[in-house]
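As written, the chains take the letters A, B, C and D, and residue 1 is the first residue of each chain.
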Amino acid sequence: MPLWSGRFTGTMNPTAWDLNTSLPFDQRLAAQDVRGSVAWAGALHRAGVLTPDEHAQITDGLQTIATEFAENTFTFHESDEDIHTAVERRLGELIGPLAGKLHTGRSRNDQVATDFRLWMLEAIPQVDAALHTLQTTLVQRAEADWGVIMPGYTHLQRAQPILLSHWWLSFFWPLQRDRERLGQLAARTAVLPLGCGALAGTAFPVDRAGLADALGFSIPAQNSLDAVSDRDFVAEFLFCAATVGVHLSKLAEAVILFTTAEFGFFTLADAYSTGSSLMPQKKNPDVFELARGKAGTLIGLLVGLLATLKGLPSTYDKDLQEDKTPVFQATDTLLALLPVLTGALDTITIHPARMRAAIDPAMLATDLADFLVKKGIPFREAHATAGKAVRLAIEKETPLDQLTMEDWQTLGITDPAVTQVFDPQKSIETRNALGGTAPDAVRQQLNESKKLI
Amino acid sequence: MPLWSGRFTGTMNPTAWDLNTSLPFDQRLAAQDVRGSVAWAGALHRAGVLTPDEHAQITDGLQTIATEFAENTFTFHESDEDIHTAVERRLGELIGPLAGKLHTGRSRNDQVATDFRLWMLEAIPQVDAALHTLQTTLVQRAEADWGVIMPGYTHLQRAQPILLSHWWLSFFWPLQRDRERLGQLAARTAVLPLGCGALAGTAFPVDRAGLADALGFSIPAQNSLDAVSDRDFVAEFLFCAATVGVHLSKLAEAVILFTTAEFGFFTLADAYSTGSSLMPQKKNPDVFELARGKAGTLIGLLVGLLATLKGLPSTYDKDLQEDKTPVFQATDTLLALLPVLTGALDTITIHPARMRAAIDPAMLATDLADFLVKKGIPFREAHATAGKAVRLAIEKETPLDQLTMEDWQTLGITDPAVTQVFDPQKSIETRNALGGTAPDAVRQQLNESKKLI
Amino acid sequence: MPLWSGRFTGTMNPTAWDLNTSLPFDQRLAAQDVRGSVAWAGALHRAGVLTPDEHAQITDGLQTIATEFAENTFTFHESDEDIHTAVERRLGELIGPLAGKLHTGRSRNDQVATDFRLWMLEAIPQVDAALHTLQTTLVQRAEADWGVIMPGYTHLQRAQPILLSHWWLSFFWPLQRDRERLGQLAARTAVLPLGCGALAGTAFPVDRAGLADALGFSIPAQNSLDAVSDRDFVAEFLFCAATVGVHLSKLAEAVILFTTAEFGFFTLADAYSTGSSLMPQKKNPDVFELARGKAGTLIGLLVGLLATLKGLPSTYDKDLQEDKTPVFQATDTLLALLPVLTGALDTITIHPARMRAAIDPAMLATDLADFLVKKGIPFREAHATAGKAVRLAIEKETPLDQLTMEDWQTLGITDPAVTQVFDPQKSIETRNALGGTAPDAVRQQLNESKKLI
Amino acid sequence: MPLWSGRFTGTMNPTAWDLNTSLPFDQRLAAQDVRGSVAWAGALHRAGVLTPDEHAQITDGLQTIATEFAENTFTFHESDEDIHTAVERRLGELIGPLAGKLHTGRSRNDQVATDFRLWMLEAIPQVDAALHTLQTTLVQRAEADWGVIMPGYTHLQRAQPILLSHWWLSFFWPLQRDRERLGQLAARTAVLPLGCGALAGTAFPVDRAGLADALGFSIPAQNSLDAVSDRDFVAEFLFCAATVGVHLSKLAEAVILFTTAEFGFFTLADAYSTGSSLMPQKKNPDVFELARGKAGTLIGLLVGLLATLKGLPSTYDKDLQEDKTPVFQATDTLLALLPVLTGALDTITIHPARMRAAIDPAMLATDLADFLVKKGIPFREAHATAGKAVRLAIEKETPLDQLTMEDWQTLGITDPAVTQVFDPQKSIETRNALGGTAPDAVRQQLNESKKLI
């Protein structure tokens, strides 16, 4: 039976009940609901609403319920409309009508917002930890694969030689931004709705600052109408999740490419690969494809919530019940995905010879232009000359570094040192400004990244 | 054990396995998977790959499995990677190594696409039927509430009087478009992937046209590479679902408004209302708020899939595994929502007097302008004069129909018939062109709508 | 001055005016607005509202305006609120107060919906034609590149050999589905809102069926409330555009991969490539990257509209003004993108030798399994044996087709014919069921596709 | 002519050029591009690449260009591929081949990322200021409308009486969260890409920390590969914009409701209202409808960018060119919308009597329950009793506060003080805990909000 049947004469249509009930998903808030209720009982006691004995009985009952949830012995009833109702119903079974005092001055509107924030304040550190572990693996790979050089790409065309360590670390920083965003979100989430009632505040002299302290929030919400309807923290969490998803999808795309036969830079461990039901030779990077695909799904979760929130009148509307499923799904997705990617990257075999072989001399055309620049030629002219050299090499079907001095002279280059430009290792070493791919710069970057893990 | 372990030396990391397995959701394809396998066994038999006896054994085994699914006695194993593997594993238990012949010339790529299309070809008619039932209720309301007049709104401001029956039917036509789209989608879904193998087709002389017939598809897919990767039918289904969602959200928004104390046009039955845990007087239109909110969620499901599909290379990529969950969720949402809304609309109490009282005489200002037009005054001038009349009435704090003949004369109107303009019933009757709110036109519309249900 | 100032005492705040005006974008509806007005004047005339002479004057004036738009001599005024106002204002300048009769019985609500549908009924065939041209190029490439074999991929791993012609055609069919959807959308768009007034229909005896005929619509809308607010056709167009975008993004992704140095299957013509401001050797597939990127943008346009529509009360709300910009943007995007991709594909140089060289013998492991199947071994066991062969070849660091008879015997295969399995051409020829990659099947597919262009 | 034609033999196809060029939109980065180039010239000078004289000439030339942009005298050429090319081309016209030295060690990849961040670092404070102004108006309304009481709603059903000042402030706090997010985003945006080259860093000894200082960035980006491809700041800006949009849409929805004839709480100023081309009496809240509708569009802009970013390989891909249009559109939308809403709220006329009249005595049913609670009855039982009282009043068709003592006694309530419960003012005063609607609590909230503006 719902908590609110007093004014109603009929009972709810069963299909409507099934649509309306949130228990199938808000069960996940069980521990938070009990924690919030314990704190609320304390606040009611301090406000003089509950006697010490009443307070003790209610607290004992709630702790029994907490244990039942923890030990998975709590029995839900068909008639429990939601987790709040289930807990209050069970409390009544345990301590009798006194249980009915717990909901004094409280509404499910402030209660569910509190439960959900509590849940998220626990989920964020878990996601953060999983990101941190992935970052650690990236740093370890950067250290372990030190000295390996590979082609860097733009537009997926070979561009300039880079260090593999630099490449690994290029995925570190996006995750650092993700963690920074999550940390700021956690601070914004730690604003307590409890004590805001249904919309207008509570009529009992509850100390909301003390309540915030008791539940680990930083401050109470300042406006009760806003507090019961604010789902910014949900949207922001889903945005953070979508952004993590996008970052992982970019990593995944790159790994998928590098494990193709054509690139051949990486081999996945069998433990992180799958095969084909039909083609016996296949070894597929499914886990990375799932990472890429789930980025799409995560974007969808964000959109779903934003579209749901758009255009609602202020304070609580039932539409807000759509807020929990996407958060649970996003959290589960990230907590499933991140450890797998971490393990998969940790166990990847790299093929330095394939990477080295993929460094076409034409990738040093910029170095050729820079060589001319250092002779005082304006870069734009140097670029044009280097471009002509590339075209000449293509026409002659020869690698760029195999052009003869006669060839170079037709391009106006007479210094025989030009033939020494085409050394990838040297090329890398020149890119030594902060953030560049030169070993010294990458070492410095590695040190910075290690401070953050 | 997966189907593809031959070339692998290690086993899969457990967290990677958990991420990779699709069994938790593709179980819903169990019946379709068996149906598809029965047809495939038939095709292999006709192609000479299976002897009559082998065919009979396999078919018997599959029918046993179908029964197990139907009776809910099928046992999944931890090691079943997906529904296809589970069925093949079980078939092996039932008939021995012969089971291994079933997958000849088939891949999970064409298999899952076939299963999923079969599933959708069953789901679409269910959604269609639920839409049809809602349409029927709208038609019934239009008939039952015949003659009731109410204010029509634009920009949520009172605009012109309309018939309530006209208003009910305004929700009929969007659903008709939804059903039309679903019907066209069903035709596009009935294109068979089976027999396309992993990507390149099958090497056994399978009669794909016959296979299509056997499974109720209209034609076989024309290109195997496209067939295993085409998820247009999924995107289109999610678009149809989102569009239904948007239509329901508009209906819901209107009903929520009309059940407010301020509008007071509708009262929901208790069976389709909920109350408040805190405020004893509340009677809330939760089911309509959920309809509105779930429109957002449905939009998100569409986006998630589109974003997942975007940028994939052709043929099968594992990202496509993200396709099923949103379809199941969208289908479940619509099949839960539509009957509840149908019931809720069916049982709404209307308040004709409140509706009639809400027809402010100023809502007939257009009729006033039309009155002047019929005297030969250009509409634009007539509109301006009517606007001035409205302003005068506001300034005099009197209803528009209470202006005196002196007032009218200051506006240049001398015909006393002007005072007879302000009859909502007459106003409605004038809007008699096809599609308008006049009783004759609405009766004609009603007849058209009844042909479609 | 707006059309509606009669009842207002103040003028609009300039910033509010700037926000409110739709002229900056609805100018694109100029020709349609005039066409609709000509038809409306005709309907008013037939309804007896306009005399023959008035009708002639209005029609002449409108035709002058049409010419001004066509010759780009029409002058907009700051005070034109929208295209409708601009046309009516100009008509007044041309023919005097009689112009004020044109808006009799019409509202901007039915007018803009009509204009927009007219616009889209012209835009859809343009998009369709651009799709058709791209399809034609795909067919031409399939014919021109006949006989070339290439590796087919799943999960971006080499899977089975296929014909390049088969691959080209795999992009034909998705576009065919797009065209089919656009055609069905056009039919749904050809439902006329004009004559529905602001919301309740028109009070003048207008023949809406005749009006529909005159404007090339198939039928008049059945419900005026629905007609002025229905934006399904907009959402559906944006969905079609997003789906085209997704299809192009998949093609683009594949082409980008195939033009990498690592794949090396394709070279783009210089006319469809770009370079780097810094790296002289670069030749980038920008146009395909833009195709891929714009798929994301197109998805966003769809979402924006759906989110805007969600939760609106019925009939016209100003939110609907957000409908035009995304349609214009999506149309422009497709009409810019499709011809460029057509040209780029038409001029691609293919490298058959690189494609052939990429066919690793392990790609015929399925053929090896099929070879065993034809000896009566159940496929599942054959698959396992082929998998072991692949593993053995990897361990021996030898191509699969270089295993010795001793090797094969350790796997239980004694028939020396096994060594003849590894012929890609034969492999392709076996996949001869409808839709497969065998030359006969692809020839048949080509014939089917040619019927559609 | 593009900057990169050296290696190309053909020129670009004109349709491809039109697709590829970004000048139509990246012109908006003109001032930022010049600023970044001036700083880069300084860095090249300090690195010894430019002599003092060269540096002076380049700087002078750039300043001339800056003036040309500021005075709108800069002429773009058809052949300018983008803003960077246009500036470099013009510099060449002004100072000759020396201009070709400016691009030394720089790529358009790091350049455009820098320009765009500079642009956003200017746009964010503008959006912030517009939000701040709206907040100020909300605070002013809260002060000006002090003492007015109105019904508060949940589920759009009358719930509990509240202060109008409390309601105004409920829109203050969401904007405060928006501003907080924008501030954190600004900090994340102030990370400098310049000096990262195309992808691998720069080969000249540029002091990137000094460069960051010169351009007002806080630090240089740590990883060049990440720096040229990171578009987190774009996604985050679009998320912030979408969130602002959602907040404004909620405010708009409420205002639209309150300006209906049925609610009648607000009248918009004529300066912020529009009328109807057909219906002379209409006064429509278009600006609020546009705010609501544009929230949908803003959500779409976010989605478009996220979908574009998803699945890109790392470093620069041309897809990223899709990043600017949505940011410009979102910024323009917010800067157009916010001042209009500010003006509209500032000039709204409120109708306190209508608000007061809308406070149905049943809205004090919670107070009735609280009255019983204070007598020691458990809340749950008190809630049930109050619910029965509501039902009784409905059955008797009497307001709840008109029940007789006999009625109360049938419900078990004998204390005549019960009849004094139904005073909205007192009800409000009891909700005095922090964040509640009691005057003292709202006064405190007002003080907190004033500290933030």
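Methods note: contacts are C-beta pairs under 8 Å (C-beta built on N, C-alpha and C of every residue); 3 or more make two chains touch, one makes a residue touch a chain.
Just so it is clear, the model here is predicted, and its values are computed rather than measured.
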Would you pick out the chains that touch chain C and also touch chain D? A, B
Between A-B and B-C, which chain pair shares more contacting C-beta pairs? B-C
Per the C-alpha centroid definition, the whole-Å distance linking chain B and chain C comes out as 23
Which integer distance in Å separates the CA centroid of chain A from that of chain B? 32
Where in chain D do residues touch two or more other chains at once? 3-9, 103, 109, 154-156, 159-160, 197-198, 257, 275-284, 286, 289, 292, 295-296, 299, 302-303, 306-307, 309-312, 317-318, 366, 383-387, 390
Interface residues, chain A side, partner chain C - complex: 154-160, 256-257, 259-264, 275-286, 289, 303, 306-307, 310-312, 358, 360, 362-363, 365-366, 368-369, 383-384, 386-387, 389-390, 400
Residue numbers on chain A that touch chain B, as the complex places them: 2-13, 15-16, 18-20, 84-85, 103, 106-109, 197-198, 269-284, 286-287, 289-290, 292-310, 317-322, 325-326, 336-337, 339-340, 343-344
